[in-house]
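Structures given as C-alpha cells follow.
Each of the next two complexes has subunit A plus one more chain, namely subunit B in the first and subunit C in the second.
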Partner chain A sequence: MSDLLLAVGILCAINTGLALLLMLAEAVIVDTRDRSITINDTQIVTVPGGRPLLAALKDRKIFIPSACGGRGSCGLCKVTVIEGAGPLLATETPWLTAEEQKSGVRLSCQVKVRRDLRIRIPEELFAVKQYQAEVATLSDLTHDIKQVTLKLLDPPEITFTAGQFVQIEVPPYALTDEPIYRAYSVASDPCQPSQIELEIRYVPNGICTTYVHKHLKVGDRVTLNGPYGTFGLRPTGRELIFIAGGSGMAPIRAILLEMARTQNPRPCRYFFGARAKRDLFLVEEMRRIETELPSFRFIPALSAPDPDDRWEGETGLITEVVGRHVTNAAQAEAYLCGSPLMIDACIQVLREKGMPEENIFYDKFA
Partner chain B sequence: MEQLGFFTILFSAVFTNNILLTNYLGMCSFLGCSREIKTALGLGTAVSFVTAATSILNWLVYAYILVPFDLVYLRFIVFIVVIAAFVQLVEMIIERVSEPLYNALGIFLPLITVNCAILGVSLFMVIRNYTFWQAFGYGLGAGLGWALAILAMAGIRQRLAQRSRIPRGLEGPGIALIIAGTMALAFMGFNGMVSLN
Partner chain C sequence: MKQSKRDDIIQGQMRPGAITRDGMLGVDRRTLRDILDADDAAVRRLGLTHATIAARLRELRAAGARGLGEPIRVDSDLEIRVDSVCGKLPCPFGHPGLYPKEFVEVSNLRTGERVTFTQLNIHLIGTHGFYEGLDSPFRQDPETLARVLGITA
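Then we have the complex of A and B:
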C-alpha cells in the first residue's frame, strides 16, 4: 500500500513540477505584450500578443468562420494579412491556392499575433454577432437526425439569408476539455428572425453531434455566432436544380421555404438522396411546398430501400436519378449540399449534362 | 559499459547502431517527412537536439528519483511526460528567440513528442546502465544518426522523384520502405566496429 502511495505521490510530484515549470516558462518566455490589429484600414483593435489571430479577433467580438474550431483542418478561417504575419506555414499551404498565397491570404487560426498586423476581412463579417439562445424544441427527424429549434435571447433577433450557416459552441463535457465550435446550416425561413432551426445528424463520437443528441435538453442555453457563408440563391431567372443528402437538406429547405413564401416562379427540382425510407424526412413539408409552388418538384430517391418500405418512387444513387431526370442542364443552375464525395459525383453528372461549372454552387460538409 | 567513452558511444550510435536503421524506431516521421532535404534537415536537427537533451533529463530523473525510490517500473510514463514537457518548453523558447527557426521547426516539434525514437533512446540508456556522459553521448549520437538516415533518405527520394520512373504500385511509402531496407543493409557494413549491446 505504501509503495502504491509512494508511486502515485512521486508521479504527481513530477507532473506538478513539470506543469509549474511550463506555466512559469509561459509567463516569462511568451511575448504577451499588446499588439494592434488594423482591420480594413478603418478599425484598430488592441489584443494581447502570442495568441492565434482567430482567437484574438474572437475576443474582440469579430468572428471569422471556422468549422474545426481553430485546428487548421477545415481551411475556412481565411483572412488577408497585408502586414506582419511572417512567412507562410506548412500547415496553411494545403488550404490556399497559389493565387491566394500570392495575395496574402492566410489561415487566421495558424497565424500568431507576434507584431502589429494589418488585415482585410469581408465587411459582412462585422455583422456577425454572438447570440445566447435557448433550446425551444428538440425532435427526431429520422433515427439519426434531430431538428433543434433555438430561440434567440440576446440579441433577440438574427438577420441572415437562406443558405447561410451559424457556429454553435459546445461547452466542455465528457468528449472535450475546452469549448469548441461547429458549423451548421440554418434550416428555417429568414423571415423568422427570433428563432433558427438546425438539422443535426448524429456522428458516433462526434463532439458536437453527441452533445446535441445525447446531452442537450429543451430549455438549455446555447451560445452561437453567425451568420456566415455565401451559399444561397443567386438572383437569375435560370431553372433550378437542388441536390442534397441527409442533413444537407437544411440550407436547401431554408431556400425553398423562402421561395414558397415569396412565390418565386423559377422552375425548380429538388433531388433528395437517402438510403432507405427511414432516412427520409420532411417529405410532407416538401409536398406542401409543391402545392404552393406549381413550378417545384420534389424527387426523393432511395439507394437501398428495405423490402418493407414498399417504395414506389425513384431508386438508385442520387447521381443516377439526376442523370435520368435531367436531359439538358445548359441553361440551369444547381445548388448542392452534402458530403464531398456526393458533391463531386453530382458535379460530374451536371457537367456531362452541359451545365457550366460557374453555375454550380455547393456547400460541402468537411 | 564503463569502458566505452563519450565519442565511441556517439560514433557507434550514429553508424553501427543507428536507431532508425537497426532498431527501426521513429519510422512514421522518417517516412512522412523525407520527401525534401529541407524538411528532413529541419526535422533531423530538431530530433537531434531533443534526443540529446531528453537523454540527459531522463537520466537525471531516473538516477536521482526513480532508482532511489525503487520506482524504475514507472520509467515509461515518466520519460514520456518529461519528453512532452521539454518539447513544449523548447517550442516556447524557439518561438521567442528565433522566429525563422520556429517557422522552420515549429511544425515538427509536436511530431517529435510522439516520435518513438526519442523514448527508445531514453529506454536503451537505462537498460544498458549508461553513466551520465555515456547517456549524453548516446542521446546525441542517436539523434544525429536519425538525422543522417532521414537526410540520406530525403536525398535519394528527391533524386528519385526528379529522374526515375517508379512502378505505380511502388510509389510513395512502398519505394521508401525498399530504400530504407537497402540503407539498413548498407549500414550493416559498419557492424563489428563497435557494439553497444
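Then we have the complex of A and C:
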C-alpha cells in the first residue's frame, strides 16, 4: 500500500513539474515569428507573434476601443475571433455573455497572437484614426466639469456623427507611468470637423480626470483616436425624449446642435438633472436652441436647489420630473446619457410609461 | 501574525500595475500581514469591527445611490454622491467576480471633511479587514472613517 502511495506521489510530482515547465516555457520562449490576421475576410495584416491582439492591431493602425490599457478591466475591447485564438481565459469570462462566448467574442487585450487569426470587427472601426491635437480652450462649466476644446492638427479634420465618442491619451504623469486611454463623448456639432469639444467631469483620484482638471493647459498637445460608438439619433420620426445628468450632457448637446442646424422638426424634450443652480450649465445655449427649434423644450430639474437660487423651475429627482411630464411614452423614443444609476432608474420610469425597450438608447459612462 | 507564502502572492496583486495602475499599497513598505494587523488593532481601539465599518459604508452607499449620480443629503450632516466610471476590478485576495469602479464621495458638511471609498473598498474591509496601504489613493484610514461617517460602537 505504501509503495502504491509513493508511486502515485512521484507521478503527481512529475506531472506538476512538467506542467510548471510548460508554463515557464510559454512565458519565456515567446514565438515572435510573423503571423497574419485576416480581418472581416477583406483585409490581411502581418504582425509579429506573441503580442496581445489589441496592441498588434493598434500597431497596424486598427484601433479597437479600450479604456484600461489592456488590463482586462474595462471590457471594451471585444472582437470576434473566428479562427486561431487559444482557449477562453478566466480574465475574459466575466465580461462575456454566454451568447458572446458561443460566437467567439474575445477581449482583444487578453488574446495573444500565437497563430494566424481570422477575426471580425465592426466595419466602422476601419474609419478610426489617431489624431494629434492642441488644447485650444479650457474652461469650467461647473465646479467639477471642464469643457475642453481640441483643435485638430494632424490629420486636421475628423468625421464623426453626433453621439459618438473619442479616446484621449493621458501621457505618463504623477498618477500613471505609462500612457492610458479614456473615452469621452464629443459635445460639439459634427459640422465643425477641425475642432471638437469635450465635457469632462472630475472623478476623485481618477487618472485621466485628475490630469485634465489639474495638469492640462491651453496649448498642450493631446493624442486622441476615434470616432467610436453607435449612440446617436435613429431616423424614425418618433417624438424624442432626452435625459442626462452631469457630463452626460455631452453627446446630447452634439445631437441637439445638429438638430438645430438641420431644423429637425421632431417633437423633443430634454430633461437635465442637477443638484442646485450652480451645477447647471449651457442653459442659455439650450434656451437659444428652443428659439431655433419650435418643437424643442429644455427642462432642467434641480434635486436640491439652494434658497439663494430662487429656483422656479422643476424640482425633484430626474425620475420624478420625467414621471410627472411624460404621460404616455408608447410612441416615443428616448436617449439617455450619464451615470448608470440615473440611466437604470429612468429606463424603469420610461417602461412604466409604456415605452418599448427597443426604443430606449443609452450611453452609460461606466 | 507571520506573513505566509499566500500573503506574499496576494501582496503581489496589490503592487502598482497588477490590478490597478497605482496598486493598493502606496508607499507602504510593510508586509501585508503587518498592514492588516496594524489596522485590525486600530479598529479594535475604536471599539469597532471590520463588519460594522463595512455595514455603515454599505448603508451610506445605498442612501447615496438614491441621488442617481448627483449629490444627495443623508442624515443631517452628510452629503453623498455615488457614481461609476468605466471598468471593474477583481479582489486581490483572489475571490471570483469583479467589483464595478464605483466611487462613493461623502462630505461631512459640519466638519468640512470628505472621504471617498469604492465598492471594492467595502468588500476589502468587510471580508479581509484590508484598508489599503498608507498613501494609496484609496486608503481608508479607520479612524478617519469613524470620525467623518459617525461610526460608533
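Basically, the second predicted complex is superposed on the first by the 338 of 366 C-alpha atoms of A that agree within 3 Å, B and C clash if a C-alpha of one lies under 4 Å from a C-alpha of the other, contacts with A are read in each partner's own complex, and residues count from 1 in each chain.
Heads up, the rule we're going with is that a contact is a pair of C-beta atoms (placed from the backbone, for glycine too) under 8 Å apart; a residue touches a chain by one contact, two chains touch by 3 or more.
Given the structure is predicted, the values throughout are model-derived calculations rather than measurements.
*Asks:* Contact-wise, after the overlay, does A:292 reach subunit B, subunit C, both or neither (first, second, both, neither)?
*Replies:* Neither: A:292 stays clear of subunit B and subunit C.
*Asks:* Going by the touch definition up top, name the partner, subunit B or subunit C, that contacts more of subunit A.
*Replies:* C
*Asks:* Taking the superposition as given, does A:31 touch the first partner, subunit B, the second, subunit C, both, or neither?
*Replies:* first
*Asks:* In the superposed arrangement, does A:341 touch subunit B (first), subunit C (second), both or neither?
*Replies:* In the superposed model, A:341 contacts subunit C only, not subunit B.
*Asks:* Give one of first, second, both or neither to describe whether A:87 is in contact with subunit B, with subunit C, with both, or with none.
*Replies:* first
*Asks:* Check whether A:352 is in contact with subunit B, with subunit C, with both or with neither, and answer first, second, both or neither.
*Replies:* neither
*Asks:* Contact-wise, after the overlay, does A:203 reach subunit B, subunit C, both or neither (first, second, both, neither)?
*Replies:* Once the two structures are laid over each other on A, A:203 reaches subunit C alone.
*Asks:* Which partner does A:41 contact after superposing on A: first (subunit B), second (subunit C), both, neither?
*Replies:* After superposition on chain A, A:41 lies in contact with neither partner.
*Asks:* Is A:157 in contact with subunit B, with subunit C, with both, or with neither (first, second, both, neither)?
*Replies:* A:157 contacts neither subunit B nor subunit C.
*Asks:* Subunit A residues touched by both subunit B and subunit C?
*Replies:* Residues common to the subunit A contacts of subunit C and of subunit B do not exist here, since the sets are disjoint.
*Asks:* Touching subunit C in the complex: which residues of subunit A?
*Replies:* 67-69, 71, 73-76, 94, 175-178, 180, 182-183, 203-207, 245-246, 273-275, 279, 303-304, 317-319, 338-342, 345, 365-366
*Asks:* Can you list the residues on subunit B that touch subunit A in the complex?
*Replies:* 61, 65-66, 69-71, 74, 77-78, 81-82, 85, 88-89, 92-93, 95-96, 99-100, 103, 106-107
*Asks:* Which subunit C residues qualify as touching subunit A in the complex?
*Replies:* Those in contact with subunit A are residues 16, 19, 21-22, 65-73, 82-90, 97-98, 100-103, 105, 116, 137-138.
*Asks:* Taking the touch rule as given, give the residues of subunit A at its contact with subunit B in the complex, in rising order.
*Replies:* Per the touch definition, subunit A meets subunit B at residues 3, 6-7, 10-11, 14-15, 18-19, 21-22, 25-26, 29-31, 86-87, 89-91, 112, 114.
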